[in-house]
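Structures are listed in the sections that come next.
Same chain, two partners: subunit A is paired with subunit B first, then with subunit C.
The block that comes next holds the complex of A and B.
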């Protein structure tokens, strides 16, 4: 396998391994915790490196992951005192642990092949040089095996405990009452996240690993209302950004990790703007549409209340209801499109459908009961609550 | 109705957040087959009492038993409807999926819900009149519909005892009547139902058993015997005569 392909493969595996726990972190509103973990594992990595002298050693990964879990415990115990809020507790804990790591590196910089730049940004391009040799055979880059192992564990856990993770994320109280300890699940997730961050940090660094965890999940969240689909989409976005980022770096001659994160950011931006129902443009369109629908309803009520022709002349609508010309045209169009009115010689009248619509809408507005207007929800945003 | 069997027994239960006791030395016996309201002012510890019985909160003293055994051993006999506001309704899931969560307890760890669980969930949705909304994302449901989904999730647990934390909060009158009718049906079927309740006016109409709580237990018993001005005044600290008799 050539180095190019190996790098892309490692990047993709890292992206998938990060995306899966990321979904649950985002849904649990714990995105910041991943930031904290990714920084505070540094002293664990440095100490592990002193002992093992190998960044891919399982012992190092375990030691560093323990530091990650300790971070979570420290944040929670500070928060539990009630003296500071959670974000403050996070801001207190991880810089402290991170700085210990930085000092440890600086003090031993001459003896240790580990520098702060590499820790912050990682270096994927070098990953293929560190090979795993079993006996006499070269079986591939070490980091691919390490991340592959971490990913397998993550996927195995996800399949085994999917329903437990789901219920404890959605409703911790019910989860506890059903016998699925939210505490156990919480620390399980924190352990997996820590292990993943440690494994991924060599490739993408402590800063960018956060993007790999949070951005795919945040993007997927805007596109689906199904947890399984959210997981699948996160993985797709992660892999797409990993491969896309690699080639972007290739052509720009830039950092691979930096390019991956840039692609992630661009994908998020695109979805944030264009997502079909939760995207910014869709939301703005819906709000505009709702305003028009309110006008429509006002107009229909007016027709309902007035028999006299003078009140129902197309030309007089502007004056009567105080609309601009454009607005009255939009409203008339919408009403006609839905067969709610008929216009005969410029005199507007409610159709039977329009009459029924008006009555139901009025009842809904007064009673706030939506049993009778279910069929109207498909065509009108106004009734979707 | 005979109240021979005790469904829930609470002994000397004390719960404190930091150093402030929220529940103080509670003794309580709930007979099988009653529809019981827990009433008391804000901060009286009503939700805390339910949560301690269900093992969601650890008490600092005392014990709880469900049909004579600790809750851990009797989980499958108990269903729980938390306060609607306690979950994130933007969670990516559907009404049917939320109701299916009620079957997880009987499944235990790792095992996944299959056709049988799905059928049970659909049946429960039908009972609360929410079948047409089974595929809808839960944030797209109205407050009353969300509460019905929660109720369906409890029904699917097919329990002997149901705990509900303010099921009538923020729901419309139709939903309130629908819910209370289902609760009355549960009682008819011999189940025990415990409801944290706010609206004192409806206590005599909805419930046959009541517990007055304000950090300490004030009184517990049949509504017709103990739902009176005396206990209301003891619980709420002001004279409730006018409010209730209106």
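The block that comes next holds the complex of A and C.
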């Protein structure tokens, strides 16, 4: 296998391994824990490196992962004292631990083959040179094996505990009542996240691990509300940006991890803007439509309340209900198109259908039951041309 | 250079004086504005903003080709603000939660920034070296011009804060009420956020993008433990910030190849740890002591109540009873008995005790007074 292909393979495996726990972190509103873990494992890695002298040693990964879990415990115990809020607790713990790591590296620069750039960016480009040799045969890059092992553990756990994870993510109370301890699942997830972060750390660095965990999940979350689909989508986004990022870095002659993140960012931006029902444009459009709907209701109620012609003159609408001209025109047009009103010599009057609609709307406003209005919109074919 | 040497040269050496002034001012302004960030529960916003500033620095360099600090910081300011408003947009317009939005902006902007930085480093012509000092900060690169800029911004900040003191304060504690009073909350909110972004950007050169958030949080979190008053907290946070800046710089200057950022952050963390443990009002130590004290008081009261119930059944209050009968009672220990004796509520004679007049009254009113 040539080096290019190997790098892409490693990148893709890292992306998948990060995306899976990332989905649960995003859904559990703990996305920033990944940021905290990825920073605070640094002292664990440095100390582990002093002991094992090998970045890919399982012992080092274990040590660093323990540091990650310790971080979570520290954050939670600071939070429990009630001295500061949760986010402040996170913000206090990880910079301190990260600083210790950076200082340890700086003080032992001669002994540690880690430099600060590698900490932030990883060294994916060099990953194929560190090979795993069993007996005499070269079986491939070490980091591929390490990440592959982590990925298979993650996937195994995911299949084994999918139901439990799902329940405890969406309803911790129910999960506890059913007998799956949310605490055990919580720490299990934290452990898996820590191990993944440590494994991915070498490839993509401290900050970009966060991108690989959160961004695919967040992108998928904008497109679906189904957990299984979300998992699949985020894996697809992760792999796509891993491979896209590699080629972008290739052409720009820049950091692979940096361009992977950039591709992730572009994918997220596109989905953020154009996602069918949850994207920015869709939301803005829906909000405008709802505004018009409410205006229409107000307008119809106004007509219903006033018999006198002066109040129902087209010209008076702007003034009376205090709308801008454009909006009153939209509303008027919409109402007429739906046969709710008729305009006779610039005097507006309700049609029988309009009267019926208004009465129903009044009932809705009085009882304020949500299903009424949805049902009404369908009944009267509003906004259907 | 030794630490003591650093302080002895502080007043004679021009460079050292500049650097120290710079980090002290930086610490002060970060402490001040960080108080608002902490109280508004926006602690991690600082983390996101500081990371989001990185591409701004790189783009400013790519466009202008200069390494002039002010130009680069302007770029950082712009991209920091874009990041901030994108976070707000995401939280208000989509169903993504604020933690996801923060994490996204933080990592995506930073990744893009790193892409640009590595891209710049590979360019053949530019004098590109030195941009990476913005990652972890290098106080040694501060010159007088930078310090002047910091001082001016801090001054403006102070003036604005004093002018809008009432508005800032009320918005912090009751945003809805502020709105009903007719204040333009949106404007005040944006003003505070803008100044937080500004403080972060100012600190990039000294502390670096990676650790800047801690510089903002730590002094404020430490100050919060000592007081419940906003003005006192801000002043304290400024002092803590300034001290961490100065000590951090001193330590990192006295060692070889230590970036200032991590050292300053560690010093600030020590302040936080100290405050968490030793603050008299909220600190863990005194809280534990108070808890212990309360438990003792309760035990004492329980013992007294028990004695009272016995004494009630006798004609004379001072009728002696054996200490033995207290033994099976959980509130009783030797020290509580001693304490009761010291308060003159109980008289102990050999192996028996008797309630005094004073003790009887105290027991009768035990649950009335509190």
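Here, the second predicted complex is superposed on the first by the 291 of 385 C-alpha atoms of A that agree within 3 Å, B and C clash if a C-alpha of one lies under 4 Å from a C-alpha of the other, contacts with A are read in each partner's own complex, and residues count from 1 in each chain.
The working rule: contacts are C-beta pairs under 8 Å (C-beta built on N, C-alpha and C of every residue); 3 or more make two chains touch, one makes a residue touch a chain.
Keep in mind that this is a model prediction, so the values were computed, not measured.
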Ask   = Touching A:255, do we find subunit B (first), subunit C (second), both, or neither?
value = second
Ask   = After lining up the shared chain so the two structures overlap, which partner does A:71 touch, if you call subunit B first and subunit C second: first, second, both or neither?
value = neither
Contacts of A:241 with subunit B and subunit C, given as first, second, both or neither = neither
Contacts of A:330 with subunit B and subunit C, given as first, second, both or neither = neither
Message = A:121 in the overlay: touching subunit B, subunit C, both, or neither? Say first, second, both or neither.
response = second
Inquiry  = By residue count, which of the two partners contacts subunit A more extensively, subunit B or subunit C?
reply    = C
First, second, both or neither for A:221, with subunit B first and subunit C second = both
Task = Could you tell me if A:8 is touching subunit B, subunit C, both of them or neither one (first, second, both, neither)?
result = neither
Remark   = subunit A residues contacting subunit B in one complex and subunit C in the other 29, 221
Task = Spell out the residues on subunit A that touch subunit B in their complex, using ranges where they run on.
result = 27, 29, 82, 160-164, 166-167, 169-171, 173-174, 176-180, 221, 224-227, 229-230, 367-371, 374, 384-385
Query = Okay, in this complex, where on subunit A does subunit C touch?
reply = 26, 29-32, 34-35, 39, 78, 81, 83-85, 87-88, 90-92, 95-96, 98-100, 102-103, 106-107, 109, 116-117, 120-121, 207-208, 210-211, 214-215, 217-218, 221-222, 249, 252-255, 257-262, 264-265, 268, 272, 278-280, 283-284
Key: Of all residues in subunit C, those that touch subunit A in their complex   = 38, 41-44, 46-47, 51, 89-90, 93-97, 99-100, 102-104, 106-119, 122, 132, 135-136, 210-211, 213-214, 217-218, 221, 224-225, 255, 257-259, 261-263, 265-266, 269, 272, 276, 282, 284
Key: subunit B residues touching subunit A - in the complex, by the definition given at the top   = 18, 51, 54-56, 72, 75, 78, 80, 82, 86-88, 91-94, 97-98, 101, 104-105, 107-110, 112-113, 132, 137, 139-140, 142, 153, 172, 174
